[in-house]
Structure formats: structure tokens, C-alpha cells
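Each of the next two complexes has chain A plus one more chain, namely chain B in the first and chain C in the second.
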Partner chain A sequence: MTQRVQMALLVCVASGGFVYLLYPRLVTSSTDSGHWVMVLFQGLLQIFFMLIYKKGLDYFPDKDLIDIFRQMGKWVAFIILVPYAFILTSMVGFGLRAHSEEIIAILRMSRTPYWAVLAFLVFISAFTAIKGLGTMLRASVIVFIITNLLIMFNTLTVTANFDFYNAFPVWPSSLQFLWDTNFNFLTGFSPLLFLGFVPSENNMKYSHLFWVWTYVTFIILLSVYIPLFIFGQETVVKLHYLVEEAVDTVDMRWFIFSRQTIFFGMSLIAFTIFLNALLLWKAGQLMQKTFNWKKNKRSYSIIAFSSLAFLMGLYVPNQYMIEKSVELSTGIHALLIVIIPLIIFIYGVINRRRMAVYEKK
Partner chain B sequence: MKRNSRFKLFIVLISLTFLCGCWNIKEINHRTTPLYIGVSKENDDEYIVTMYVPVTQSGESESIIATKKGDTLSNIFRQLRTDSDSALDYSHVQLIVIQEKLAENEEEMTKLIRLSMAVEQLPSQALVVITDDDIKKMFSNIDKLLGTHGTYVQEFFYKEEWAPEVSSTHIWELYRSLYSYTEDINVPIITIDKDTGIGFKGTAIFKKGKLTGRVNPKENLLLNLFHHDNAKGEIESLGSSGVIVLNSSLYMTPSMKKNEPLVSCDLKIKIDVIERNDGVTDKQIQGEFKELIEKQFYKIFTQTQENKADVFGFGQYFRNQLSYQELKKWRDEYYPKLKVNFQVHVSMK
Partner chain C sequence: MGNLVQEIKSKFANHDDFFIHEERFNHTAIFLMGYKTLINFTKSKLYVRQMAELSASVDELFINLSDQLDVKAEQLISAIIEGKLVVISEKNRNAIMETVPQTLSRSIEEPKNENPLQGPFDAFGEDVDMNIGLLRKRLNTDRLYHCSYQVGELEKRRISILYIKGKTPSALIEKIIRKLKQIETDIESLEDLNKHFGYRKFIPVSHLFVTEIPIQAVQSLKKSRVVLFLDNYPSALVFPHLFWDMFVTENDRNFPFLLSFMVRSLRVIGALATLILPGLYVALTSVNPDLLRIDLALFVAESREGIPLTPLIETLTMLVLVDLTIEAIVRLPKSIGSTITMVGGIILGQAMVEAKLVSQLLVIVIAAMVIAASTIVGVQNSLYIRSLKYFILFAASIFGILGLFTGLLFICILLASLTTFDIPYMAFRFPEKGDSQ
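This part shows the complex of A and B:
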């Protein structure tokens, strides 16, 4: 029971890492009004795949994603899961690079080279990933509480500068954004596939999934609407780090810390580390189980993957390329979010039918 | 086993070396932190930047007022960085003073606003004001009268119930007004005051970086009312009496008929009479007060409508009634047609 709750919290924390970085920018750049409709559609898409995935996994109560693929055949597992591990690595690399640039901007460490921040983030993420899922699960509880307190504090103080009229018009002028490529990228910003990494009998139940989904949607709405309420759509598209700029507008001279973006930066770091530790752990797990390695070899593969991610992050030349590469890696991830749940579900149904026929005989 | 745990401890202790701080950090006593920055323009192509920097040395606080001239702003900032006695750090800037001549130039002003938002170190919640006076003199006047009193500017601009006509504008608000379709902004004008440091002389109205008009402090109070401030504490002297405002609230009902926007504003004001001539009844005072406020409102409103500068922010109330494409045309097509039915309801204590 507690493990299930911990798992839900871990997914919530990891989602935070996805949400604050590019999400608000992509949403505000693809629609000029009625942003909540886009968020809602995205949420519906997520819950749709989540349900299919969960249903598919439930056909195999004691197996995880990798076992199921291996049951399908060794080559199927190899073709899908090994590239998946590399996609996860590229997401870690490019995502962390983007995050380290943002952290430098938020904490005003303009003289700190990005590679130092990148190395720090990669190191801690890899360390956490090597420690294994159990550690992440236990730590996620305290991190969830702390980061939510910080975010609550930020949100409350920012309300001082809110002008709710800035977020109008309420309704989108068209539903054109559903066919926008940005909309597809957004689908990739989700740790939904993590569900498959724990056998379904120990995994979250539908009620947990629903709560996670509600929390994540709420966080997304916050991250999109905080900048909107403050700046309005016209200005938001001109800014780079939306949430950071929005939080920075609050006059906090009465407080010991004159800039509360520090709190935002702290929670961002926590989110990022957990997200990337989770991704690296997933990549390690994929390699270890697909090739049937011994347990201790997983940490070697995690170290290899994190070094690869570090190099990937290091060699992205400029801000434009960072954004493009993050979009590319999450775009492919989005594709996997569509493909993997469908494969599992269909295979589950076929398997069930075969079993039924077998039993009849 | 024991050796292993010692090794682990060693690794943990090594990671402490990461805690030594940020990269290339300068301690606070090795930084020059300007409090106020003044930007002005002499002649046609020479900028002047003035900085007011408090310096604390052996317990006594002094200050430096540095001035630099140059052909571009970034040149001057580079020059200042080169010549300053230690690392320049803009993260404590509270006030940016812009000379009126510079502010009147739309292009320069827009550039300046964009620059101040783009400089990462500069806090976006710093205040912006305009002045007609010599900026260097103003800074030295503040310094002479008040010393390096760090919170002086903050307190001057946030007097709320003590002086509700004073308003303040932050960099981020100015930046927002550059792009906003439906709202314009007013920036405080200050002058040198020989006795108190600086004096408040009303505000200048900016339409997307273009100075379009000025209002005096009394009229500025009305603008403040439209930005959710309270007129509480305002003292108004009518010909025959003096009143103090106890409370005020503004209700707006926007409506749109055949592309003709209409707003009915009801301003409810509760006043108390503090002095009156003999024989003046409450009713007379109420009537006089009502007339005064309404006259003031229509004066500013017609002036801003002519300039197409929506400083009251009426456009904000129509954001939900127009589509995003139509909002683009708010200033040019809808705002000149806007009718405002402004009514003041005065009640006595």
C-alpha cells in the first residue's frame, strides 16, 4: 500500500521536471487564447494512453514491461527496448542541458559555466539511479512535500501581481492546435511509461492513477497560467523562461531572501534530479533485463548512459539547438508513449484469447 | 566491511568540496551595488548614465555618484564596469530614473525598456520614474538629505493610505505595456525637492513606449482607482469645504453592442467633512464633490481617447468579449468608440 503511494508521489515529482521547462512556452506559442483547452486535451490524451497501458499490463500481473516484450520474442524486445534506452539517455542529456541553462538564469549565476551545473546534475541523477528504485521511492515522499510547499509559497505570493483579465479570451479561437506539432511534443512530456517498469500486482491502482493525473494536470495549469495572469499572452510569447520571469516580478523586499525565484530554482532542481534519475534507472533496467545481465551490471550501464548523456548535453552548441534537440527527443518519446501501450494492450488481448482457447481444449 | 565504510565516508567528505560556493563568486564587500540608476541624453547622440552607489567603510556609510558619457548605453555600461573600483552588481537596483527628454523619444524609450528587462541581473521589480531635473543633482540631493537610506525610495512610492495619489511602475509592467493590446501605463514624474528629497509631480502616460500625455497628482488618484487601489485617506479641498475620503470602491460593467463598447462605472465614495464654511449643507458638499470627480474623469478620458492610449485599462474588461484577433485592433478601432458612463455616488460618514 505505502509503496503504491510512494510510486504515485514519485511520478508526480518526475512530472514536475517535465512541466516547468518547456511546457508553458510550447502551449503559449501554439495557441493564443483558451490555453486550458489545450492542456485539457493533452490531459485526456494522457489518461487515454494511461488506461490502455494499465489495462494491457493487467493481463500480466506478475510481469513488467520488459518481461512481456521478452515473452513476445527476443528480437521484438531488442528492437523496441534498446532504442528506448537510448532515447531516454538523449532525453536526460538534452533535458539536463536545458535545465542547467535555466538554473543558471534563475539563480543568476551568469559566471558559472553550464558544464559545471550539467556535471553536477548528471552526477546526482546517476548516483540516485544507481541506488535503485527503492531509494527513489522513499526519498520521493519528502521531496514531494518540500517542493509542494515551496511551489505553494511561490504561487501565493505571485497572486499579488495577478490580473485575471490577462488570461482572456477564455475560449480558443480555433482547435487548430490539435494538429500542431507542438501538441505532439507535449505528449512526450510525461513519465507515463514508468508504469510498466513495476509488475502490475505491485503497481498503482486506478484510483492512484487518477490522483496522479489530477495533480499533474493542476501543475500544468499552474505553470501555464501563472505567466499568463501576470503578463498576458502578448508579452508571454516574447519571454524565454516564463515561470521564472513571472515569479521574479514579485517584490519581496520584506522577506529575508529578496528574490523568491531561489525557491522556484530549488524545487526545479529537485524535480529535475528525480526525473532524470528515474529516466536513467529506466534505461539501466531496460539494458539489464533485455540482455539478462546480472544485477551489478546495471550500475555500469547507468554510468555509461549518464556519461553519454553528459557528452550529449555538453556538445549542444546553442540555445536554439538545445530547444530543437529537446523537442526531437521528446517527440520520439511521444511516439513511444503511443506505440508501447498499444502493443502491450493488443498483445494482452491476443494472449488472453489464446489462453482461453487453450483452456477450452 | 570496516574499510568499506571508511571509504564511503571519504567519498561523502570529498563531495563537501562542492559546497564551497558558486563559480567565480565575489563576496558582498567586493561588489559595487548601485541603488539608483539615471539615464539621460544630452545633445543628440550622447547618453549619460548616473549611478548612485552606497559605500560602507569602517561602519560609516558614504556614497559615490558616478557619471559616464558615451554614444551607446552598452558602451557606457562597459565603461562603468571597467572603471568601477570593484565588481559591478546590478541586482540591488531599486530605481531607474529616466530623463524626460529621453522618455519623449519613442524609439529610445522602447529600446531602454527592452534593455532593462533583458539585463539578467537587473531585478524586474525595480521602479521606473521620469524626471525633468538634472539627475546628478537629484541623487546628490537625496544623499545630502537622507544619506544612504536603502529603503527610502520604497517608502516614497508605497504610501498607500497616507498618500493614495502616488503610484509606482515597475520595469516588468512597462515591458508588458509595450506588447499589451489592451492596456497602457502611467509612469511617475518626480522632481527635486529641497526639503524632502524628491517630490511627486503626477504621471506621464505611455502608449507602447510613446509618451502621450501627463496627469497631475490629483488626476493620478483617479487612475489609481481604476487599478484596484483605494482612495482612502485622500484629502480634497472644495471651494467651500475640505473633505477626507474614508473608503471608495469602483464597480465596472462592460457591455458590447454592435461593435460599440460601453462601460458603466460606479464609484462609491464615503467621505467625512473636516472643515466647512458656515451654512454649507452636507448635500451641497456631496454635489460639489461628485461634480469635481466626474469632471476630472472626463477630462482625462477624452484626452486619452484622443491619443488612443487606454491608460484606464478599459480594454482589459473587453478581453473576453472580443476574439484575440479583434483585440489587436482595440486601441485603433474600439477604444475611440468607447462610451463610459461614469457615476460617482457620494455618501457621508
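This part shows the complex of A and C:
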């Protein structure tokens, strides 16, 4: 298996971590009909930035994001990349807190305090991040297979409770949601900036990107429509963990477990760990390359970031604040998803023109 | 008696098995010397006498006996240590002779640690040359390259490297050879050799896969891996060790595809069951009992009724006992080993349940786990999978199902992080296409 395919699988796994957390709730709260249109617009927005980003990175085949920013100037790199590392850390902290609450709810570990689960998840994510990208890539193959088998199992069993009339009306009543802030937040739920962390010549090709995008869009549609088909729009907006509640409706007599949500929980754990490991690794890589540290210092910065993330997650007081902080951190991330690809693309074009002029002389 | 003979004699004064035998030929004294323990003296003497009858003069005799004539004293001494016969004449002519050695290694026998089902039954022995011969017999191509190195400080041990030219990446071979040349300490065990390929202190996975079956080594060579032989070690060391060695033996290929697929899947299930079962029991009895269906949960609760130990301690006790039993059976002579099996079976299976120390369900779980662990290929692999289950057990006792699954992921990540000279442990095969030229 080539590294490009492994990279595609890693992005798929990391997207799963983003998608199941708040995505379905944000989508169902923003529109009351024609959810697929919103998902589609969202997907188009993402593929637009993905293509711009990829195009921009292709101008510098042997450089990654950080090298390109350093080429622009030390201060530019410092101003954009260091805050980016901290935004990633906050996403890890708040995201893991939200995930640990959800995992406790799904696995019914009512006696386990959330900080213990949070510490455990932070530890495993940081460990994975320290082991480096190669480890994540190789492990992601196995995780991709396992999680997809679990998701497939869940999806197939849930179909028994589907009521397709719940999805009507198929067409949205208005396109008002395009101007909703929630819609913009949704863009942040995407690991597409990871593309820039591997030099373009070793990175995924356009075909890989297309398959990743298809997979992710499909997963998003599943996560939105499974609860929708089962409960219908009016009920869904009142629920908290949508997919979990939907999967919980299934009752299989022959099965040894009383609730098959544990499989959903397991896939969620795998997604979460890999997503956060990827984010932490990105943060570590940003710090190491921006400041030109030695390679072994990356693990120190990852440890520092994960401790910071743990403290952030620990001190969020309640459910409402968790959601707000997750939305805030992904909102800023969404802003970066807009800014960074555009900067890289424009700088790439300028750089190429400059080179052309230079060669003519 | 010449100076040279005196010198050698004084050098070996404290070696009781060193002999000097005097023969007369054409009125000239000839001294034969060597170790009785390494040389078959009677046969060697006979050979020298026969040669003497064919030769006209002493000079001709020496020429007939050997190619290595008139060498320095140090070389003579090292030749004696290596087990060769040294012949010295009165006039200080000398020769180093290859003679009939004492038979010190066993002949080709059946494998002792592996069990090829309906496959060839010969196994590697202690003699390196015999082992390489076994490989050459099966792989008669001129592309099978072989080079050997003497390493060590006190004693020189011979390490042979075999690979197929054009298949194994030359960069890999260069790296191995460079590492071997750097060795300055004695290589006493596999672990000493293993350390030189990159030290793994807290990880129980070796860089070398040990096999004593020639076809396994031949197939590894064909899959562009390198085979090392250490003298006096009765196995081939396949380098690098990959994850799939745990589930795949070459002998499986003798079965139809479907059957070999089934056998290999069983081994994967075995490894998973070894890792999961004890943790699952603890998770479902102590942390997440409500995840089971209600009648199953009641059954589990009923089986644990009246048992004073907590699930973790209960499981840990049984696991350690079972591991102790396995270790005891390995240690003991075969005639007593069966007693341990019987006593262990009675104590673990019957008495502990009747004394209400452990639940019957746990006995079933442990038995299933022990059987499952035995399906894995290779003794070292089986041991390391058995050692990893303790981590999952502790994680599961704290976090339940979450700990169990995360523990599995952790092990997966840990194994994925291992590399040997940049070849990942989790690789299916290497090199990737296009690198093999």
C-alpha cells in the first residue's frame, strides 16, 4: 500500500472524528428540510478550498506549508502558524472534552469521572502524535477497516427502524441557511489543512482527494440522515447525541449485547484518538519547523500542547460551555481553512510569475 | 625436538586434551598435534601414515598433506584452536591439515519447536555449514549470495548472511553489514545480536524472526528478506521480522487456498482472543455489566455469586497461575511435565471453582485464552502476545469497554510505530514495487 493511499485513509478516519461530534446537530438545527442540500453546499465549499489549496501547494512540490510560510518571511510564518498551533490545541482540548462526555453517555460509564476518560484519551492521542506521522499512517489502515466494519454493521441494523417519510420535504424551503453562522462553522469540521503538512510531491493526488471527499460526504450524509429517518425533524432538534440515540433504538434479540451503541462508541473512540493525534502532531510540527528546533524537541512541544489541551478540557464548566467552545474553536479553524489556502494559492501564483520574469531576463 | 614444537607445547601446557604424537618417517621425526576433543585422532593418524607410504621424501609428504605450508607460529596456534591438525617436522617444516573432526554436532533432525503439518520434516541444526547446505539444496541458484563475518571480543563467532541478489535491496544489505562490522562485544545470545539492529528496551518485539524450518527460510529469501545464521544456534534468523510472521507459515501453502485462509484467520482470531478475553471478562463483570443483555448479565452475575475476590484480582490470579504452569512444563523433564499438567488442571479447573475462589465462567475464559494463544506461529510471538494482554487487562479494569478498545488501539499504534532500518514492522511485504532492482 502506498503512502498516498494511507494518507487518504488517515484523512478519512480523522474526518470521522469531526463529523460525528456536533455536525448532525448543527445541520438539523440550521434547516428543517432538504438537509442534503446543506450537506452538498458544505461539500462543495470544502472541495473548492481543497482544490485551491492543492493547486497552491503544487507550486512548491518539495515544500510543505511551513516551509512556504517561512519562505514568505519569518514574521508571516510566526503570525499565522503559531496561533494556528494554539487553535489546534484548543480544538483538541474542547473536542476531547465533548467526546469524553459522549463516550461516557454511550458506554454508560456513569461512575467514571469525565476527567479520567479525558486524561486517558489525551494520553493515547499524545502518544500517537509523538510516535510520528508514519505510525499514524500505518495504524490508520487497520483503524479504517475496523471502524468501517463497525459503522456498516450499525447502519445495516438501524435500517430496520427507518421511516423514509421523515426526510420529506426533500427540497429545502429556503436557502437562508447559507448565511447562517452555523453553516460557516461546519467548514471548520474538516482536516483538509493536513494536506499542507506533507510536501506536495509525496502527497495525495487529485483522484485520492476526490475519493476522500466522496467518502467524507457520504459519512456526513449518514450521520445526518440516520437520526432523521428514525425520529424525524421535530424530534431530532430536541435530542442531544443524535446518532447515538438513533442507533440505540435497535433491539436485536440474538445479540449478546443489550445495546449495539457500544459499536458506535468504539468507532467514535478510534476516530477521536486519530483525529486528535493528527491535530497534536500538526501543532508539534508547526512549532518545531517554525522555530527551526531540533527534531526531538517536537515531542516536548507535543507533550506541552497535550497538557494544555487537557487543562482546557478540564476547566470547561458545563455542557453548554463545551458546545460553545467547540463551536468557537472550529469557527476559528474554519477561518483558517479560508485564509491559509488562499494565501498559499496567491503566493504560489505570484511566485511563479516572478520566476517567469526572472527566467526571461 | 625443534623450537617450534617446544613453543607450542609450552603454550598448551595447561590443556589436557592437547596431544603431541611423534611419528618417524625416513629417519626424520614428525610431530602431529591438535586437540583430542576436536580431532578424530585415530583416523587422522591413519591418514597421515597412508600418505607417508605414498610419498618419497618428507618434503613430498608435506606437500601431499596440505596447501598451507611453513606458516608462522601464531597461525599454527590459532589453527590448533580451531580444531585443525598441525604437522611439524624435525627440521621445522610445518603444515596445517584439515582432518577428520570429532562429530560434535547432531545430524539433521525433525524440528523441535515447530510442527509442520504434512510438510518437509528436516530442521536446521547447530552447524552453520550444514544449515547453509540445507538452503542451497532447496534454492539452487547462483543468485543466492552468502558472506560471513567473525565477530566478538573473547571468542570469534561466525555470522553468515544469505540473500538473493537482485531481490533484497542492496541498501538494506549494506546497512546490515555495516552494523555487523561495528560489533565489538561478544555475541552470546540472540538478544545481543538484536541490540545491534536498534535497541528496543520496553517493547517485546525482536528484529529477528526465528525459524528452524528450511522452507520457511527459503520463502523469506524469495520474499527479498535476509537470512542470518549464527554458529551453534540451531535456527535461521530471518531479518527483518514482520507482523504477519505471526499468522503465516509457508507450510500453509500446501493446503488449498480456502483451507490456508481459514487456518490463517483462526490464528488472527487466536491473537485477538488472547488479547481481548481476560479484559472483556473484567470489563463486563466489574465496569460495564449493563452492556450485556439482561439474561446474560444475570447469568454472569450468578456465576460470580459468593466469590470474595474482585474480578481483576480473580483474573490476574488465574492468568499468572496459567502462565506459571506453561513455564513449569517447559522447565521440567518430559517425564514429570505431565504431572504438572494434571495437577494444574485439577487445581485450576476443579478445586478453585469448588472452593469458590474463582467463577466457572472465568475458568472457561482462561482455558479459551490459553488455547487461543497457542495458535500463534513462533514461540517468541506467542510469548509477546501473552505479555501484551496484561496491559489491556489493566486498562479494561479501570475503563471497561473503553479501556479494552483503547488498549487494543494502543497496541496497534505501538506495533505500527516499530521499524527495522526504516522497514515498518506492519509492512505486508517489502520492498515496495520498483525498489527491488
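Basically, the second predicted complex is superposed on the first by the 360 of 361 C-alpha atoms of A that agree within 3 Å, B and C clash if a C-alpha of one lies under 4 Å from a C-alpha of the other, contacts with A are read in each partner's own complex, and residues count from 1 in each chain.
In this text, a residue touches a chain if its C-beta (ideal position, glycine included) is under 8 Å from a C-beta of that chain, and two chains touch if they have at least 3 such contacts.
None of the values given here were measured: they were computed from a predicted structure.
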First (chain B), second (chain C), both or neither touched by A:D64: neither
Touched partner set for A:E323, first chain B, second chain C, both or neither: neither
Chain B versus chain C as contact partner of A:I273, first or second or both or neither: second
First, second, both or neither for A:T128, with chain B first and chain C second: second
First (chain B), second (chain C), both or neither touched by A:I142: second
Touched partner set for A:E101, first chain B, second chain C, both or neither: neither
Chain B versus chain C as contact partner of A:F120, first or second or both or neither: both
Chain B versus chain C as contact partner of A:G265, first or second or both or neither: second
Which of chain B and chain C A:T249 touches, first, second, both or neither: first
Residues of chain A contacting chain B in one complex and chain C in the other: 107-109, 112, 116, 120, 258-259
Contacting residues of chain B [partner chain A, same complex]: 18, 22-25, 91-92, 120-121, 123-125, 151, 154, 170, 172, 175-176, 178-182, 316-317, 319-320, 322-325, 327
Touch list for chain C against partner chain A, complex: 287-288, 290-294, 296-297, 398-403, 405-406, 409-410, 412-413, 416-417, 419, 424, 426, 428, 432
Chain B partner contacts - residues on chain A that touch it in the complex: 32-33, 105, 107-113, 116, 120, 163, 165-166, 168-170, 173, 230-235, 238, 245, 248-251, 253, 258-259
For the chain A and chain C complex, residues of the former touching the latter: 1-2, 103, 107-109, 112, 116-117, 120-121, 124, 127-128, 131-132, 134-136, 138-139, 142-143, 255-259, 262, 265-266, 269-270, 273
